[in-house]
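Both complexes below contain chain A, partnered by chain B and then by chain C.
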Partner chain A sequence: MISPSLVLQNTIDGVFLGLFYSLVAMGLALIFGVMDIINFAHGDLLMLAAYFVWLTSADLSVDPTVTALLLVPLFFLIGLSIHYSMIQPVLGKEPLIQIAVTVGLGLILQNIALAIFKAEPKAVAYSLFSFSYSIGPITLYASKLFIAVVSIVTLYVLNLFLNRTFLGLAMKSTADNREVAQLMGINAKRLYALTFGLGTALIALSASLWMTFGQVQPYLGTSFSLISWVIVAMGGLGGVTGVLYSGIIVGLAESLGSLFLTPSARMAVVYIVFFLVLWFRPRGLFGRR
Partner chain B sequence: MSSELSLANVTAGYGEFVILHSVSLEVPQKKITALVGPNGAGKTTTLKTIMGMTRLREGNILFEGEDITKLPTYRRVELGISLIPEGRGLFPSLTVRENLVIGAYTKKAREKIHESMEIAFSIFPKLKQRLEQKAGTLSGGEAQMLAIARGLMSRPKVLLLDEPSQGLAPVVVMELFQAIKKLNDELGITVLLVEQHVKESLELAEMAYVMEQGSIVMKGRGSELLADPSLKKAYLVY
Partner chain C sequence: MRASITRGPILEILILIVILAIIPLALMGNAYYELLAATVVLFSSMVVAWNIIGGYAGQLDLGAYAYMGVGGIVTAELWMKAGIPPLLGIFVGGAVSALIAILIGIPTFRFGIKEVWYALLTAALVVIFNNISRLLMGPFDYYLPPTTGFVYLKFNSYVIVYAIAASFLIIAFLVNFFVERSKMGYYFKAIREDELAAEMVGIDTRRYKLYALLLYSFLLGVMGYIYIVIAASYSYRIFDSSASLSIAIMGIIGGLGSVEGGIISSMVLRSLGEYFRSTFGSSLPGLDLLLYGAVLILIGIFQPEGISSLINKLLKRKG
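Moving on to the complex of A and B:
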């Protein structure tokens, strides 16, 4: 029997998961919005970052969350190098060429991971947040709560950045109208590089959070890529708020779907919700016109 | 009359397409210059070429005596040229205030942002009541005023206006032309105006150029062209 407290438990878990998914998708949304390119290697970069988290937290004996301090700046630089070596040359080219480049990057990362780490999943042995609280019939896992809080704080700060700084406004304007943004004196080349760096840095943060409770294996990226595309397609045009709402929708669909149907059908529920949203709002929840 | 901006034998277009054929044009300092001609004559392409947004094949562009032919668009904005694009080109998801702020993106403009806002409001006082509204919700007239105000935020020496009267009611067009005159008179900004309202533009302009099929076919003082019988026949009948 499905009890009301179980529904409440899954709703809370779903919202927490959704907030984390929003953070995962944010980098993709930012890069897509500003640069008009879909980064098919998005999830694979998360997988790469997750291995970095696994390695550094084991070697330095630190909590996965602490590795973010090292990995976020490192992945900003990795993002810049990927941008200058692979992305910049194909900007404005036919979509097929862009797809080939980012899909290719994703495959390379997968194969490198497979060669070095083999297929078996790796997890961090311990985490600061492995305890939980019980409030009546509800259990709050500290790790999930922590991840949700870090995700929403990060998205809040990112939103402030996009609305209150010249660089952030430059990104928003470029997403609105690429050609006219240049007329404001915005150096588009530099802005694209910074956007790709920032998007990649956000991936590293997500990976640190993921490793507090999750595992990493070479194909981890695929599921994160799929979830991110769904979130961006549903709410990407609505900026940070759009990504936040559709992230929560996806988290709830997954969590309640596994409760009411079966855990193995949870992704099917996510996609059914996705199709329903696009059926009624073809331009996404926040699409214009 | 010293010219602030000039094109010398400029041939330009997009990709494989050549639209401008050896265009030469002088924009005198602190004056209004009009560029008129039928649709598809290459007026918009001329303005975009000045901003470095087309493929320039031959010729040179000089600004304040300096060759800017090879500079990227943002550098030209930094030097003091501002284009108000056709169709306004506002950022619809940004508020009116944010549109103005991003207009002051260049380093020099940022320092003067508060002063620039006051200047923009002195010419377009209506914008002050709309600051927190999304730019996408403005009426046509307000949107055009915001587009020009945003262009002023970079503190340009030369303002390029691409069909600012497009889609506006006649009363609003009058207001707009007065505002253009005002920013030229009071702020001393050089203006290059591309317009379909040929008569009003020539009345406003010191110098004028007529463009057809990618070439300049006639030039002279605004008042002279206004009196020219062949031009009258071609453009001023309506």
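Moving on to the complex of A and C:
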């Protein structure tokens, strides 16, 4: 019998996880929305960043959360170099070609990671947030609470950026209507590079949050890529709030699915929700072109 | 966009049969190589089946192992639980697989899900089947009975397993051949090039996409049992996302709509991959996939039409 407190516990965990998923998917939503690029290597970049977190926090013995200071700018640059070498040549090409190139990038990242780090999962031994509170039957893990808070703050800042700064408005208007935005004098080439860099930098932040409680192995990216795409499909181009709500739905589906079925079937629940959304709300729950 | 390497289709089929017949002679009775050859040829036939939905109809299906796994498991279970011999069972497996594909395809095409969303949906399908079959079958490996014989499509010699895989490749090739030259094939290509325009000229795009899905899933469902025979056992792990992805990868590298390109890319890359795996497998696992990744990026950026058009260009330059 599943007790109510267990349901409450899983609901809380699901919301926290969902907020984190929204942050992971936000970079992808930006890249897809602004550039119309189908990036299948999104999760693999998170995997790469997570290994960087593991390396730096183990070697310099700093907290995984601190590594974000180093990794966010580094991944902005990595994003730029990926953009100029692989993404720019396939801008505006058929979806299939974009998928081919980014799947290729993902395969290369996965298998370089496999060659260097082997298949065993790696985790950071200790982080500042490795403790928990107990409130009655409910346990709140500080690390999960922390990543939920950081995710929501980052999404809020990003929302301000998209609505209050020139660059942010340029991104938003390009996502809205590419041709008109370019007629209004927006330099699409530079904007695309910045968007890809920003999307990749967000991934580095997600990775340092993930490593406060998660593990990294070479195939970590595959599930994150799919989950991010599911969130983008549901949230569509409904902006930051669409991604936020969709992330929470996915987090809840995963967490409650693992409670009511079994943990090994939790992704089936997420993807069945995804099927239903695509079938019955093809434009996403929160509006999509 | 479509390019054929040689002109005469009958000549092509004869060349394919001759090559497939020479391969086992070249392996000189080495059972391990025969098994590998059967694996590569079966993989190739999956790529050729994929060409119907991915190459002709232009739907980026990433769910190959979902349909293949369903067909294979149904065939094996029918034999073990109900005593229906696999020679008959493979067709039931194919039919069940096609039925499931159609049940999913109807709402999917009805709601106009295409491009990246279709790709994601089919990729998610493999994970759903993986999780559900794990719930139903548990984490165990199921072994086929040791019985051999033609009606069980199980043999002591790997050459015969190879021959069955090779005949699947020829059948898949022939299905492609007939589809391409039929009205349906032209409709598929119209849908691939511009779905809206195809609809404008009166093609029932939904119906024809379903036909493509039907042919593809039935062929894969029939092949599933041979996949299990080669692997000797089956479990929920037959629903493999990255393997499904690699089927589409070979189709893209070969060139959309080019059966010859798909056969060449899958045979060359998979054989190279198997070689890497056996030579560097312990020190550098994943070298085969690294190779696929690099080829994909190069093809995507420099040769989006795939290797078939590259080979054509080279042939033309010489001629």
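Going forward, the second predicted complex is superposed on the first by the 287 of 289 C-alpha atoms of A that agree within 3 Å, B and C clash if a C-alpha of one lies under 4 Å from a C-alpha of the other, contacts with A are read in each partner's own complex, and residues count from 1 in each chain.
Please note the rule applied: a contact is a pair of C-beta atoms (placed from the backbone, for glycine too) under 8 Å apart; a residue touches a chain by one contact, two chains touch by 3 or more.
Worth saying up front: this structure is predicted, and the values here are computed from it rather than measured.
**Q** What does the overlay on chain A give for chain B and chain C, a clash or a fit?
**A** fit
**Q** Could you tell me if A:Phe274 is touching chain B, chain C, both of them or neither one (first, second, both, neither)?
**A** Touch status of A:Phe274: second partner only.
**Q** Now for A:Val150: first (chain B), second (chain C), both, or neither, which partner does it touch?
**A** neither
**Q** A:Val101 in the overlay: touching chain B, chain C, both, or neither? Say first, second, both or neither.
**A** After superposition on chain A, A:Val101 lies in contact with chain C alone.
**Q** Would you sort A:Ala115 into first (chain B), second (chain C), both or neither based on which partner it touches?
**A** Touch status of A:Ala115: second partner only.
**Q** Where does A:Lys172 make contact in the superposed view: on chain B (first), on chain C (second), on both, or on neither?
**A** First partner only.
**Q** Looking at A:Ala25, would you say it contacts chain B, chain C, both, or neither? Reply first, second, both or neither.
**A** A:Ala25: touches no partner chain.
**Q** Scan A:Ala265 for contacts with chain B and chain C and give back first, second, both or neither.
**A** second
**Q** If you count the residues of chain A that each partner touches, which comes out higher, chain B or chain C?
**A** For chain A, the partner with the higher number of touched residues is C.
**Q** Thinking of the overlay built on chain A, is A:Val230 touched by chain B (first), by chain C (second), by both, or by neither?
**A** second
**Q** In the combined three-chain arrangement, what's the angle at chain A toward chain B and chain C (CA centres, steps of 10°)?
**A** In the superposed arrangement it comes to 90 degrees.
**Q** Using only C-alpha atoms, work out how near chain B sits to chain C after the chain A superposition, in angstrom.
**A** 16
**Q** Chain C touches which residues of chain A in the complex?
**A** 38, 86, 89-90, 93-101, 103-108, 110-112, 114-115, 119, 218, 222, 226, 229-230, 233, 261-262, 264-268, 271-272, 274-275, 278-280, 282
**Q** Along chain B, where are the residues that touch chain A in the complex?
**A** Residues in contact with chain A: 51, 53, 72-74, 77-78, 82-83, 85, 89-94, 98, 101-103, 105-106, 109-110, 136, 150, 154.
**Q** Which part of chain C faces chain A closely enough to touch in the complex?
**A** Residue list for chain C touching chain A: 58, 60, 104, 107-108, 111-113, 115-117, 119-121, 123-125, 127-128, 130-132, 134-135, 241-242, 245, 249, 252-253, 256, 284-287, 289-290, 292-297, 299-301, 304.
**Q** What residues on chain A touch chain B, complex-wise?
**A** 163, 166, 169-170, 172-173, 175-177, 179-188, 239, 288
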